[in-house]
Amino acid sequence: MSIPSLTGVVPPVCTPLTPEHEVDVASLERLVDHLVEAGVDGLFVLGSTGEVALLPDAHRRRVAETVVKHVAGQVPVLAGVIDTSTLRVLRHAEQLADLGLSGLVVTAPFYTRTHPAEIAAHFRAIAARTGRPVFAYDLPVSVHTKLDRELLLELAEDGVLAGLKDSSGDDGALRGLLLARRAAGLDGFSVLTGAELTVDNALWMGADGVVPGLGNVDPHGYTRLYRHAREGDWTAARAEQERLVRLFSLVGAGSTERMGRGSSALGAFKAALHLRGVIDCAATAPPYVPLDDDEIGVVRERLVEAGLM
Amino acid sequence: MSIPSLTGVVPPVCTPLTPEHEVDVASLERLVDHLVEAGVDGLFVLGSTGEVALLPDAHRRRVAETVVKHVAGQVPVLAGVIDTSTLRVLRHAEQLADLGLSGLVVTAPFYTRTHPAEIAAHFRAIAARTGRPVFAYDLPVSVHTKLDRELLLELAEDGVLAGLKDSSGDDGALRGLLLARRAAGLDGFSVLTGAELTVDNALWMGADGVVPGLGNVDPHGYTRLYRHAREGDWTAARAEQERLVRLFSLVGAGSTERMGRGSSALGAFKAALHLRGVIDCAATAPPYVPLDDDEIGVVRERLVEAGLM
Amino acid sequence: MSIPSLTGVVPPVCTPLTPEHEVDVASLERLVDHLVEAGVDGLFVLGSTGEVALLPDAHRRRVAETVVKHVAGQVPVLAGVIDTSTLRVLRHAEQLADLGLSGLVVTAPFYTRTHPAEIAAHFRAIAARTGRPVFAYDLPVSVHTKLDRELLLELAEDGVLAGLKDSSGDDGALRGLLLARRAAGLDGFSVLTGAELTVDNALWMGADGVVPGLGNVDPHGYTRLYRHAREGDWTAARAEQERLVRLFSLVGAGSTERMGRGSSALGAFKAALHLRGVIDCAATAPPYVPLDDDEIGVVRERLVEAGLM
Amino acid sequence: MSIPSLTGVVPPVCTPLTPEHEVDVASLERLVDHLVEAGVDGLFVLGSTGEVALLPDAHRRRVAETVVKHVAGQVPVLAGVIDTSTLRVLRHAEQLADLGLSGLVVTAPFYTRTHPAEIAAHFRAIAARTGRPVFAYDLPVSVHTKLDRELLLELAEDGVLAGLKDSSGDDGALRGLLLARRAAGLDGFSVLTGAELTVDNALWMGADGVVPGLGNVDPHGYTRLYRHAREGDWTAARAEQERLVRLFSLVGAGSTERMGRGSSALGAFKAALHLRGVIDCAATAPPYVPLDDDEIGVVRERLVEAGLM
């Protein structure tokens, strides 16, 4: 039995942009400092919260390079290599191959309709061709496939997968996986939850950590939550989690008449980071629609209520 | 009132690959000849049938370049610039900008959850920044959004869209769009159907043409069908369409226990092109699963029944 | 080879209600006269357009009884026995058993998640236990299952199903079924389309008839369309169909902020019947939301444009 | 602030059937004894686990009557009045009106496509017309609608809803609701989870109880779990929950090639009750497919492992 390669709080790092939608390197470095100083255990760049699906390849490379260099080994850095198919994912992995990343995060193929056998072949090919630790990213809302427990365990057992980021929101299925992992003695297979509103529950059930989008805005909240849980002070963990649930409501700041939920959530995270003085500009990449002044006012209120301003 | 920029049979060209999954340029040129000699009215490269979502950028560039050069102006060539977001689509457009393409084919954003306002902004940005004719590609099965009639007409009216490839399979909605186009006097806005089993119907309702995946295998069938329709011989058009519907059943050759429907359909198209001597190798890109010998045998039977072997 | 048991125009009859949501028998009889005098070939009561899912059992019985008696054998009458499961559907069939209906219309089970083997068993049990002609009703938008071609043909071949009402809107799949029916010599198996905007196409492809919700409002339009098609005057059929497509836009009269699409469509059909003097009251059953005066004004405009007022 | 009307373990009671699919009253009474003797806090008859959607009205009446009489006031009894629309639900409520039920459990309308305004009107009408405590049943997998937090709170505040059974499996949304309930001082509004694999989590977050399908098979497990949680012994609660998660795997006993997941889960619950000697026959209602001997053998193994045989 081995030790999970990844545990604790691993925020999916936002990608600060300039008003012209270029990577804002200085803001990104400040964001990394903001997270590392709060005690996070790792960083996950180029996830959905990092707007990976909205960013061109050069932006992606720049983000990963900036973060790896700036972190300088203080914590592990994982990168999403998110694309529709095996060869496209492999190209992203190649573009990041020299950076010494601690792992690659990979979804099932999308756009094409996929079959479990194809998903398995996809993960196997990426692990074999990159030689890097591969973390499966279960995100049915974007990928329109739920990763199956048997599939995950088979790939873990064969050494294909180093871990899982479970953003399915299905905590019952997560528990089934955690118990099956234990029964199979696959303790080296990391399981992190992306469900940022039930982190105390996930840790209680045996998850190794959390990848919270809201952790960009309030990393101290999530590191306190995780520390309380590790120390067995579940009541304190719950109180912290409940504060974070209330803060999380900022993701609804944007009007559903003008924008989708992604625009609203990412716009709110970035507005909060801007209001807190971490990043210079709250811009998100097109086609995301920016929040207006009233909507930013709502974000400010949530920050004040949460004691963050 | 202007004339539609695109009419007739415009096959979405398959991308022949070598066993190592590189673009097989010689086979691609033979496939182009096979299509042009059959009398097609245009070519659409890098669509779903061209495995665009499975191909790296360099493959995509190579495909478009090969086809444009080889066609040498005999028919217009459109290219899919298929990706998740505005900036990523724009990068694809830039990579193809020097080729003199007759148009770019663009879906709604995917992976992120999109709002109609975001979809409109996406098409507007791409048209404005590329200056090329943009064709909307309605493909809910991959993109998980249906393009709305009002949205399409507004974008047509504003000169953002040059046309539509409707692969939604919703012929009732298509008819509503065609009548609304007529009522608005937007005759310059091309409407092509991707529903390859009801082409006679679509032309009868007023569509300008068809983008048939099966047209790779039997381009003569589709050009005959189109010519019959143009000449008003609908009975002959129907007979041809019915023959093509029977041929189309080859897409089900692959076992649903081993592969998804995309693997089966693309594998069958390519197996048919290989059996007909047009391309050297039937390989599809991973994670698509190849057909086995028995399944290729089924494809052969369909070709024999259709009089193509 | 036998003759299809059902052909032509078979409107799914609306269920006129009093303001207190009781069956308005006098209005229902006038509606039946309105349809029969227009030359329809059959009547389908208790379909989705008849608000079957909104009506208690006693209402359902009353509707079927009223229509069968009033029609008095002039045309065949089919009734929907729509419910979640086998035993519940059988109870509905029993409640209507004495009426001498020409057929029962049955969907796949819903609410529970169903398997093809369960769907087949469902149809087999209903046919065996009722001894009546059973028509499968393919309505994925309500039932969340698409009936599979192989399943339908197997049940047709075994004498379980007398026909199909295809309201899937998938005209490509419909064509595949029609050709497979012909190949199997199953000509006695009636195939009717519920896709009221592409009836000329469906008849052209070989369908036997149509079940048009809009046929309540304008039965003469559909009977003309059908007669033109039977006489081979497809141009006249198309012109009629296009007029009906424009009329159909009345289903969007209700505001999407206040109501769902069912409320709007059914409210508009009934408002149109009320405006045309056929029924006394436009009420729909709860939870459908009624149209307001402005929305009824839109319905009136559509009727005027279509020459119906 | 009032006290929730319903707390604790409230199993959704299975409906034992004879081989001829009649209600097996003697077995149902034994099942009720089995549950009440295990210390459950209430009973919920005619839920999805009770096969409500598969049972005719007379069966439903018989089940509710049998259970209310046999329980004789020892614990509260709630009944599902599950049907597609307002008037149909009201008829079910009338058929049970004389039984002195402690509450009615109601889903959003289904089969028709519903709008939030229609869902609200539905619950309001049922509460007003029955005068009974109404519990909303959130079951997106069957009803294809997720009940919205704002809607639930508005209906709770207006006294329309007495509580919620949340079977959405979305524990993040559940937490948001629980915190909003607390903030609004709506403590009299009961919130019970139907997510039987994360009951410790739900109670930890503030839920009032659980409605576990698996509680038919092992009610003692769930009452122990609940008691441990109430006493603050969360470690013991978790150990119990984990045992129940392992036991729960019996729902996968049935082959996915022969049946749907409902057939398998209900068949397994009933096979387990039969093997444990509680009910006479494991039959489920059509179109559910029965388990075969090998599959029942799997159920037996799970029971042995869980110490229940």
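The first chain written gets the first letter, and so on, giving A, B, C and D; residue counts start at 1 in each chain.
Simple rule for what comes next: a residue touches a chain if its C-beta (ideal position, glycine included) is under 8 Å from a C-beta of that chain, and two chains touch if they have at least 3 such contacts.
The shown structure was predicted, so the numbers you read here are calculated from the model rather than taken from an experiment.
Participant: From chain B, how many touching-chain steps at minimum until you land on chain D?
Facilitator: When the steps are counted carefully, the minimum from chain B to chain D is 2.
Participant: Please decide if copies chain C and chain D contact each other with the same set of residue positions, more than half shared, or with different positions, and reply same or different.
Facilitator: same
Participant: Would you kindly tell me how far, in whole Å, the mean C-alpha position of chain C lies from that of chain B?
Facilitator: So the centroids are 35 Å from each other.
Participant: So the centre of each chain is just the mean of its C-alpha atoms; given that, what is the distance between chain A and chain C in Å?
Facilitator: So the centroids are 49 Å from each other.
Participant: Residues of chain A touching 2+ other chains?
Facilitator: Touching at least two other chains: none.
Participant: With chains as vertices and touches as edges, which is it: line, ring, star, complete or other?
Facilitator: ring
Participant: Report the complete set of touching chain pairs.
Facilitator: Here the touching chain pairs work out to A-B, A-D, B-C, C-D.
Participant: Please give the residue numbers of chain C that touch chain D in the complex, ascending.
Facilitator: Going by the criterion above, the answer is residues 21, 48, 53-57, 59, 82, 84-88, 90-91, 109-115, 117-119, 121-122, 125, 141-144, 256, 258-263, 285-289.
Participant: Any idea which chain B residues touch chain C in the complex?
Facilitator: 169-172, 175-176, 179, 195-198, 200-201, 204-205, 234, 238, 242, 245-246, 249
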